Structure formats: structure tokens, C-alpha cells
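Both of the next two complexes hold chain A, though its partner changes from chain B to chain C.
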Partner chain A sequence: MATLSSQTRRAPWLFLLPFLAVFATFTLYPLIRAMMLAGQQTFGPGYTKWVGGSNFAALMNDALFWTALKNTVVFTLGSVFVQLPVSLAMAMMLEAKGLRGKGVYRAILFAPSLVGVSFAAVLFALMFEKRTGLVNQGLHGATAWLSLLSGKDLAWSLDFGWLEQHVMAALIVAALWMYAGFNMLFFSAALQNIRQDIKEAATVDGAGPVARFFHVTVPAIRPVAAFVVLLSIIGSFQLFELPYLMLNGGAGPNNRGLTVVMYLYQVGFETGDLGYASAIGWTLTLILLGFTIAQRMTARGEEVAR
Partner chain B sequence: MSQASTQTSVSRGSSMQASRRMSLWLTHGVLLAVSVLTVVPFFWLFCGSLKTNEVFLESTFIPRGDGALGFAWNRLTGDNYARLFTDPELDINFGRSLLNSVFYSSVSAVLATLFCAMGGFALAHYRFRGSKLVTALVLAAVIIPGPLLLAPGYQLLHNFGMLDNAMGLILPALAPAFGVFLFRQASISSVPAELLEAARIDGSSEVGLFFRMVLPLVRPMIGTFLMITFLGVWNNFIGPQVVLQSRSLFPLSVAVAELKRGYYAEYGLQMAGTVVSIVPVLFLFLLLQRELVSGLTSGAVKE
Partner chain C sequence: MRRSQSTADHEHGREGLPVLSFGGWLIVAIALVSTVLFAASPVPKQEGRSMWTFARMHWLMYQPMVEKWNAEQTTRVNMNLLSLPALERRMLGAFLSETPSADVIEVERKVASRAFTGPLDAVGFVDLTDRLTSEGLLDGINAPSFSPWTSRGRVFGVPHDVHPVMLSYRADLVEAAGIDVSQIKTWDDFARVMKPLMADNDGDGKPDRYLLNMWDTHDEHLEVLLYQAGGGFFDESGHMVIDSPTNAHVLATVVSWCVGKDRIAADAPDFSASGNKLKADGYVVCTLMPDWMGDIWKHEIPQLTGKVKLMPLPAWGAGVAAPERRTSVWGGTMIGIPRTAVKSPQDFEDLWKFVKHLYLNDELARDLYRVGGIVTPVKAHWKDPIFDEPSAYFAGQAPGRMYINLAPQVPMRSSSPYNNFARYRVQDALVKITEEAREQERAKPGSLNFDALLKRASEELRLAAKKVQVQIDRNVFLKEESR
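Moving on to the complex of A and B:
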């Protein structure tokens, strides 16, 4: 019995050892290093100089950082207010009662989220090219009848510069293709959890589809929706590969495609200042922490109110 | 349930049923349209991968001509694929990159899943000093955004001499806090403590307990997590981009980006490279879709 208990006492540490060793080395230790780095100026991995809080002070006056933050916020708004409503609408159609072929639709709509962001970036760089790209060709073809009807050239221009002048719109469209089906899954799971008897009771009480949506569906899926919104914000704020590769390793004309993480990457790995890059990393972390805390507090507030 | 509802709608007359059927047709119409929009980029990519630049500039999908169904099938070619794997002039070894991706993804997925399953089980089923601290650390680490660790991680790998080294890419991916969290939940909900106690009385060792009882019980989560990590490593770009310099070590994500940079005017070649990179995972994961989907959403919906 004594040996058994000593074995049971050691067992959890034995099981945790591989994870903890890697976790401590490659997550916890770098996290502490990130705190120290944020107060340093570096050149490459070797040279460092202590500068205290001046990285953060410089960041607040850094026009490029503000451009990056503005672009990132625009993209995030696009994700939350364009992509998520599309995801919800798709989920509601998918969960319509008596719909056949649900599995096939779901597989198709989900497929793009399996495509890695660097592969999607190569695809969309080609799709958004002037003249040769599918997007301009498709829009041109779909609007050609306008010119035929009016006699003036009203069709979508084949020279529309998605990657030159409208980078953020292009990114929002690309992200819509990539992630709408992924977020749909969460809404779909939430909709499945709504009790059928409540929906039927509402119908019997004479509630139309709009009333049912706002009084039955919305309250029922609210916790999941809040979670999806948070996930979407966190993901959107870390946007990097898509613009970086679509714009050939840069931020595009006038930094129109510069994002916070792209700026972090440029500063840390192209200029070589890992310290300033860490300051950007901490700023990003604090912003996301703010969103997470806000979401938790709203969720808790709602639970209390119930 | 559907039987009961059919009865109610029948009892309420056929006009209700007709409008139900109308709205179902409408739903099919919209879903079909969205599905087409989703698939078209894939189809365009595949068509483009079979074309020379000349044909690419002339046609959007399949070039028209005198062949079967009115298409010029003979203007399509597999040359882009052949070039990817055999052209010695190409400064990217695509076959090598494909193998690298398979290697990095499977090794990381298997080891990360094992480490996380062991850790999650330990946190779920043992009372020991420090268990609360470890659990709290894991939960807190879930919300650390990856980019924050980029700069210090790079410095650390430099100090360890692991830059431009497969180890530098694989090792840091083996301890995702998220995984321990998922397996802790799975162990709590699907491994009964009485079962473990009974096995202990029968003389099973703790390690035997884990491999013979716990792993089979949390199998659904193992499937899901293997897929999540495999996919995550396969699709990861920023990691290998920062860690690796030698072309012979590049995974597909970086190789395709190099292809785009070095051969930006050769559309078909870029498109073939992208097809090779996404088709294997697409097929594999659509086959295993059900397990992946249930695992992904379980954390969010079960509350």
C-alpha cells in the first residue's frame, strides 16, 4: 500500500512532465523574456540596450503604428459586421426544418476554412489581380447587362484596383470566403440546442418569423454569439499572412495593408529590433485582454440578471 | 419530432404546407448560390493549374474549342505539376517541401496530442500540491496571442542554436495550453474516477491505467486534437518563415510563398503549387469532418 500511494503521488508529475518542460521553456520563459525585451532596444538576437519605457512612449507617437492599428480595426469591423451576419444567416438556412442535403452544404461551406492562410493568400492575390483576376472578371460579366440596357459603360471595371487602392475590402472578402463557414458551425450548433417546443409554442402563439428570430433565436444563441464575436476579434487583430503575402511581402501602396502584427514582424525581423516588436506585442495583448475581460463581464452580468 | 410536426401542418391545411415548401425551395436556392460562390475559387484554381500563361489569359475556366462538350481539352496540360516536382531549374524543391510538411505536421500532431492528453488527465484526476497553480497557468496561457512570443521565441531559439533547424519548429509546437485544457475537460467528463480506483485495486500501475483505460475513453478528443494540430502545423506560415532559412527545410506554406515571389508571372505554376498544398488536407479532413466539427464546437456550446 505504501508503494502504491507513493506511486500515485509521483504519477501526476510524471504525466505532466513532457508538457510542462516544453510549456515552461517555450511559453512561460519567452513570456517573461517578452516583458524584459519590451524595455530594451535590440539589433538582431545578439545586441541589446536597456531603454525602459521609451519603447511604449515611442509607439504612442509612431504614425505607422497608428496606421496599422486603424487598418486592423477596419478589418475587425468587417469580420464582425459583415462576416458574422453571413455566418449566422447560413447557419439558420442550414438548420431549417426539413432541409435535405444539409451534410453536403455544410461540407462545402466549411471546406475553405481548411485552406491554410498562406495558400489562400496566393489564391486571392491571383483572384484580385486587375484584368486576369476572377473577381473583376466575374463582377464585369455579372454587370455587363447594365451597359447593354443603358448604352453607357456601366459594367464593373476590369481595372478595379483591389490590391492597389482597396486592400482592406479585398482582405474582408478573402476572409469572408475563408472563415464564414467556420463560424457558421458554432451558430449551427447553438441553433440545434434551441428547444423545439419553445419554437413551436411561439408559432402557436402567433409569432411571425421576425418575432421568433428576436424573441426566441437571439436570446437562445446569445452566449455562443458572444463567444464567436470574441474569437473573431482575437483572430482579426492577429491578421498578418493574408496581406503580407497578397501584397508581396510588404504593406502595399501607402501602407494601406499594414496591420499590427505585420508591423511587429517588420520591426522585429526586417529591422531587427526585437525590443520594439515586443512592445507592439504587449500592446496587442493588452487590447485583446481588454476585449476578453469585457466579454467575460457581460456574460457574467447576464447570468446574474437571469 | 418531424412526424409530429408534419401532422400539425397537415391539420392546419395545405396552404401552410405549400408555403413551407416554398420557403424550403428558397432556402435551397440561396444555399446553392452560396455553395457555388464557395466552390468557384477552388475550381478556378484547379483550371488555372492546368494552363499555360497563354491559355490562362484567354479563358476564365476551361478554354472553349472543338473538343467534347465544346471545350478545348487538349489546351489543358499537366506540365505545371511536372515542373513543380522535376524541373531542376526551379529553385524550390517542391517534393521535398511536401515531405517536410507531412513530417512536421504528423510528428507535432502525435507528440502534442500525447503530451496534452497526459497533462490534461493529470490535472483532471489527481489531487496534488501545485495542481491549482498549473491549471491556472494553463488557463491563463490560452489567451496569450502567438505574435507576442515571436520575438522572445526567436531569441530563445537563437540561444539554443535551434534556428534553421527542424527541432526549432517542432519543439515549441508540442505544448499548446489549449490542448491540455481540452483534454482536462474530456477526462473530467468521460473518465469515471471509480473505474480508475477499481483498476488500481486490481493492481494496475498508473502508467498502465493511462494507456489502457484513459486513452480509449478520451478517443473522440484524440481524433479531434490530432486533426487540429496537424492542420495548424500544415497551414502555419509565420513559424517556419521566422525559424527556417534553408530552402531544403521549407514546408509547403513557405515554399508556395516563395513560388509566388520568384515566379510571380507564371500563374499556372503558382496555382499548381497551391493545389498540391491544399488538396491532401481538404480530402482527408472532409472525410473526417464529423469528428472535427463536433470537437471544434463542443467547447463553445456545452456550458
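Moving on to the complex of A and C:
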């Protein structure tokens, strides 16, 4: 029996071994190596200098890092406060009673998230071009009548610099198009799980649509919403491809499109300072860890309250 | 008890094998066999030497020359075309880890400078200085073309090109307006003489076209103008010159071109469909044009055939370090031999012979110009009559001869690995001053003042210089070497 028991204990580890080997080689080792690298300056393995915490100290005084962090936070706020409400609104419309062809609408709204980021970035970069872009041309055409009526030049300027002065707005719009449909699915699933009898009871008690939304729908979808918010925050903090491609490999005028991961890329792979790039990477990890712990604690608090 | 026995049987295996079922053992066996087969399968061995290049045009052009080499020589060369980012990753990865890459690498300026970040003896390319000197190539090739591949006085590559810059203009529009471009000697002349072209024909209160394709966001255009004026980011000895009076003068002038009552510039981005449309529509009259750009225009804006002409860049005049210079430089490529490819003196001799066969070849010089409009840096080939042939695209002008005449004036550049970082910071300064100027013009039209712009440019450039210096000071390897 004892032999059997030890074999039983070993079996899961045997099954886990391939994963653990891959995890240790491609995740754990690079993580430890990156932690060591954050305290070094290197030019290949042959030229390494231990610089202690000076990479982190330099980061705290690096104006570009703070610009990148500020931009990333702005994008994250855009994702959370613009994208998620839009996703929820779309989900609520889809879950409305009596709507026919829900599957078709769901497919249409979800479709943009199936498109590659590169494609979306190129598409939006063209749309946001100054004089020839669809957005400025459309807005100019739509507002031209204002000029005719007022006799003043009130038409939208064709020279409006979406990718110059308003980079973050352009990125938030592009991300909204790409990811709103994806997040909608989470909210749809959560809305479908709300018990019909609770909604009916609230209606019988005289609750209107607004009261039902805040007192029935919101509490019911809160765990899913918290999860979607956390995913959104983590995804937003990892923003790279969209601005990199929309801004043609740069960070836009005055670094308005510079994000933390873009800065990490610039420092690590354009300037070649891998130690400093690792310090940026670890700082980003700590920020995201903070958000995750906060989310877990909030979720646990709610569970206890229930 | 029965259930427990059954589980034990299952775990022990009916065939007496412990823990795994037959299926489990089958998976393990397949994994082991495939691993052994994979590990034992022979790696295809490449015969001969390998060369990497990043430009399809170069790859096509080199084919006959490489075939000729392979037919005549015992050591074959296999040429591989890689995208520039792929080449950059592989080359730097190999250099940093001191593992083999290709035997010969052709690489663009911004990527090559990345190899110069560490100590001199860690540069991944073979130092060619002594060989270039002993064979007289340092004198035989246009001197400024070596500067992007020279680090701390040592040369690590043979230049592929010169890339002088001229100003292209819409000859159809300029000549229809009766403007004589020979009157234009300086940028001030340019604004004055060309001004009639900025008419408002549709009556919307705005000019229908602008004189120059230049904008505060065009970092490469700014770099071209800085070099022309004798400014830039680092001098030939590697000292930072970001906050020089010349740079401040150029920045202030560019702002005055983009904003205010004297605005002459507009944004028609290069390498984009929208920019090409604006150029074809005549929204901008003139564009900075290095020799390689002509070929791109021929393919992307063919409707301008016979409507475009070239002239030397207008000089900056007083206020800058190079007041008379009528050209600049944009881009550049070199060929180098990675150190890991040289295991014996004979290896170097073979590869050096191939490099010379390719880059000093008179046939290549002709092809380079015929196919890409690019002027060779090898001075002996400049006499070739191909450079005097008129171009239909440039309304019968001979661009080759015009570019060659300017080649000796091409400014020197630095190979600093901090060039890109410095360029971004100088552009940040330009964008900031331009936006302040726009605000000022909105609040008080016509109030822009050149002296005030110059003062702001100096202040912002000092801040930019500080940011770059912080980055450089963090490089312990360069610091140790300078001690």
C-alpha cells in the first residue's frame, strides 16, 4: 500500500514535468535573469557591470518614464471609463427582450476583435491622417453646413492633428473599436445569469429601468465587471503594438504616444540598455501586481460581506 | 473496497506497468522516439559563405555579381534577403552573444550604430581602418561617406553610397508662374522668390499650396536641415553639440516656416499614399530629395513625370556653422565583416576580396544609379557617362551629375549609438516651441518674433542636451574607455 501511495503521489508530477520544464526554462529563468539584469549594465554576456539600484534610481528621475506612465494611465482610464461602459451598453442592448437576430448582431460587434492589431493600427492611422483621412474628411463634410449658415469658418479643420496633438484620443478610439465587442461577451454572459425572478420582483415592487439597473443589474454583474476591469487595466498597461504601428515606430510628437512598454522597447532594443529596460519591466510588473492584489482584496471583501 | 481495488488496478496497470495506462505509455514512447529522431537528424550544412542584406533592390542588383563571383572563385557566397528589423535582431543578438551570424552583412546607418554602444573591442565588425588606409580606399571613397561607420577613430564598414540631398520642385508650377529658381541662393531667397506660388485661388482665406514639405513632426527632414547648417547631435570627435547656436537657429527658422504670417511649409508625409496625393495635387511645391528618393517617386508618383526638377538646397547664410553649404545627407548603408566570421587571416582575405568585388565594382555603380538613382561613393566611377544621362522624370535634367557635384560637400555625421535618442529629444524641442508659437499666434496673430523663437529654441535645446547627457553618463563602458 505504501508503495502504491508514493507512486500515486509521483504521478501528477510526472504529468506536470513537461509543463514545469518549459515554464522553468522560458518563464522562471528569464524572470530571475531579468531581475539580475535590472541591477546591471551589459553589452552582451562578456561585458557586464553591476550597478546596484542605480537603474531604478535613474528611472525615478527619468522624465520620459513619467511621461510614458502618464500616457499609459490616460489610456487605461479611457479603456475603463469609455470602453467598458460602451461594452456594457452593447451587451444590454443585445440582451434586451424581443430583439431578433441577436446572434448576427453579436457576431458583427465581436468581429473587430478578430482583426489583428497590425491591421487595425494601419487602418486607423490612415483614417486619422490630417488632410486625406476619413475622420477629418467626414467631420469636415458634416460640419461644412455650419459655415454656410453662420458665414464664418466653423467647419472641422482638415489639419486637425489626431496623430499629433490628440494621440491618446485616437488610440482610445482605435482600442474601443477593437476591444469593445470582446468585453461585451463577458457582460453578456453575466447579464444572462441574472435571475429573471429577481428582475420581475423588482418591477413588481415599482422599480423603474434606472433603479433596476443600479439595484439589480450592477450588483449581479459586479464580480464579472471587476474581472473585466482588471483585464482591461493589465491589457492597457501592456499597450505597445497599436501606438507603435499607428505612429510609425515612434512615440508621436512630444512623446504623446509613448507608453511604458514602448519606452521599455526603445531603451532595451533601440538604445541597447537591457539593464535599464529590465528595471522598467520590473517596475511595470510591480504596478500590475498592485492592481491585481487590490482587485483580489476587493473581491474577497465583497465575498465576506455577502 | 471494490472501487479502491479497481482504482489500484488501473493505477498499477493491467499489464503490470506502474502508474500509467497503455495510452499514457504510448504518448511517452512517441515523445521519446520523436525527440531522439529530432536530435539525431542532421542539420543541413550551408556550403560556402553567407551574406545578409536588407534591401530588395540591392539583393536583385547584386545577383549577377554574386553569380560571377561564385563561378570564378572557389568559395561560394550565398546571399540572403532579410527585413531590416530581422537583420537588426539577428545581427545584434549575434554580436552581443559573440555567436556566428553571416560572414558579410550589409546594414543601414541607424542599425549599424547600435553595434558601437559598448567598448571598442566589443564592436561586432572587423576594424577595417588599416586595410582601407593601406589600399588607398580612404582617399578613393568620398570621405563623408565613412563617417557613420567610424567610431572612436576606427572604421568598421565600407560605404555603399553618398546620399546627397537636393530640393525637388514642381517645375510645371514654378515655370508657369514665371519664377527663375537661379535667383535662389539662400532659404530667405527661397521664401521670397517662391512666395507668389502661395496664392489663395479658391477664396477661403488660406493658401492653396505651400512652398515646402516640412513640418515640426518630420524628424528626418529636421535632421537633414541640421546637418546642412553644420549642426547635428554630435561632432566628429563624438562630443554632444545639441545645444549649439546653429541648431537653435535652424529650429527657430523651421518654426517660423510652419507657423504665423510667414508660414511657407505644410505637411505632406513621405512614404505614404496621402503624402503622395498631396504632392501630386501640388499642395507642396518643394521637397527635400536625397538621391534614393527619386526612384521612389518614379514608382509611387508616376503622374509627376516631367513635372519635377532638382536644385541644390538653398544655403542657410549667416547665423549657422556652415552658411554656404548647398546640400545635406539623408540615410546610408555599409557593408561589414563580422568578427565571428574571421577565424584565420585567410578568412579575412577571402571576405575582404568579396566586399571589394561587390562594392568597388564599376558595373554595380552603374546599376545602382540606373535602378535606384543612387550615386556611388567611389570617386573613380564618378566620370562614368551614365551620370550625365538626362532623366525623363526630372524633365531632362541629369540628376546623377548634379548629385555628384554636391557629393564632396556632404556633411560629416557621427556614428554615436545615441544619435536616435538625441534626434528624438531635439524633435521634442521643436514640437514644443512650434506648439507654443501656434498658441501665441492664435491669441495674438502676427506676434511671432524670430529673436524670441531663437531664445526659446536655445532654452529647449539645453534641456534636450541635458536629457541626452544623462543617458550617455549612465553608460559605464564609454565612461571607462574615456578615462
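Following the convention adopted for this analysis, the second predicted complex is superposed on the first by the 288 of 306 C-alpha atoms of A that agree within 3 Å, B and C clash if a C-alpha of one lies under 4 Å from a C-alpha of the other, contacts with A are read in each partner's own complex, and residues count from 1 in each chain.
FYI, a contact is a pair of C-beta atoms (placed from the backbone, for glycine too) under 8 Å apart; a residue touches a chain by one contact, two chains touch by 3 or more.
The shown structure was predicted, so the numbers you read here are calculated from the model rather than taken from an experiment.
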Chain B versus chain C as contact partner of A:Ala251, first or second or both or neither: second
Which of chain B and chain C A:Ala144 touches, first, second, both or neither: neither
Chain B versus chain C as contact partner of A:Glu270, first or second or both or neither: second
Chain C versus chain B, contacts on chain A by residue: B
Partner chain in contact with A:Tyr47 - chain B first, chain C second, else both or neither: second
Which superposed partner A:Glu164 touches (first chain B, second chain C, both, neither): second
Contacts of A:Ala220 with chain B and chain C, given as first, second, both or neither: neither
Partner chain(s) touched by A:Ala58 [first = chain B, second = chain C, both, neither]: second
Which of chain B and chain C A:Asp153 touches, first, second, both or neither: second
First, second, both or neither for A:Lys130, with chain B first and chain C second: second
Intersection of the chain A residues that touch chain B with those that touch chain C: 4, 7-8, 11, 14, 45-46, 126, 132
Touching residues (chain side chain A, partner chain B) in the complex: 4, 7-9, 11-16, 18-23, 25-31, 33-34, 37, 45-46, 90, 93-94, 96-99, 101, 105-112, 114-119, 121-127, 132, 134, 137-138, 177, 181, 185-186, 188-190, 193, 196, 200, 223-224, 227-228, 234, 237-238, 240-241, 245, 248-249, 261, 264-265, 268-269, 274-275, 277-278, 281-282, 284-285, 288-289, 292
Complex contact set, residues of chain C against chain A: 8, 11-12, 18-20, 92, 95-98, 114, 117-119, 122, 204-205, 216-217, 219, 267, 272-274, 277-278, 283, 417-418, 420-421, 424, 427-428, 431-432, 435, 467, 470-471, 474-477
Residues of chain B that touch chain A when the two form their complex: 1-2, 5, 8, 20, 23-24, 27-28, 30-31, 34-35, 38-42, 44-45, 48, 56-57, 60, 114-116, 118-119, 121-123, 126, 128, 131, 134, 137-138, 141, 143-156, 158-159, 171-172, 174-175, 177, 180, 200, 205-207, 210, 231, 234-238, 242, 252-254, 256-257, 259-261, 264, 267, 270-271, 273-274, 277-278, 281-282, 285-286, 289, 293, 296-297, 300-301, 303
Residues of chain A that touch chain C when the two form their complex: 4, 7-8, 10-11, 14, 41, 43-47, 49, 51, 54, 58, 62-64, 126, 129-133, 153, 159, 164-165, 250-251, 253-255, 270-273, 276
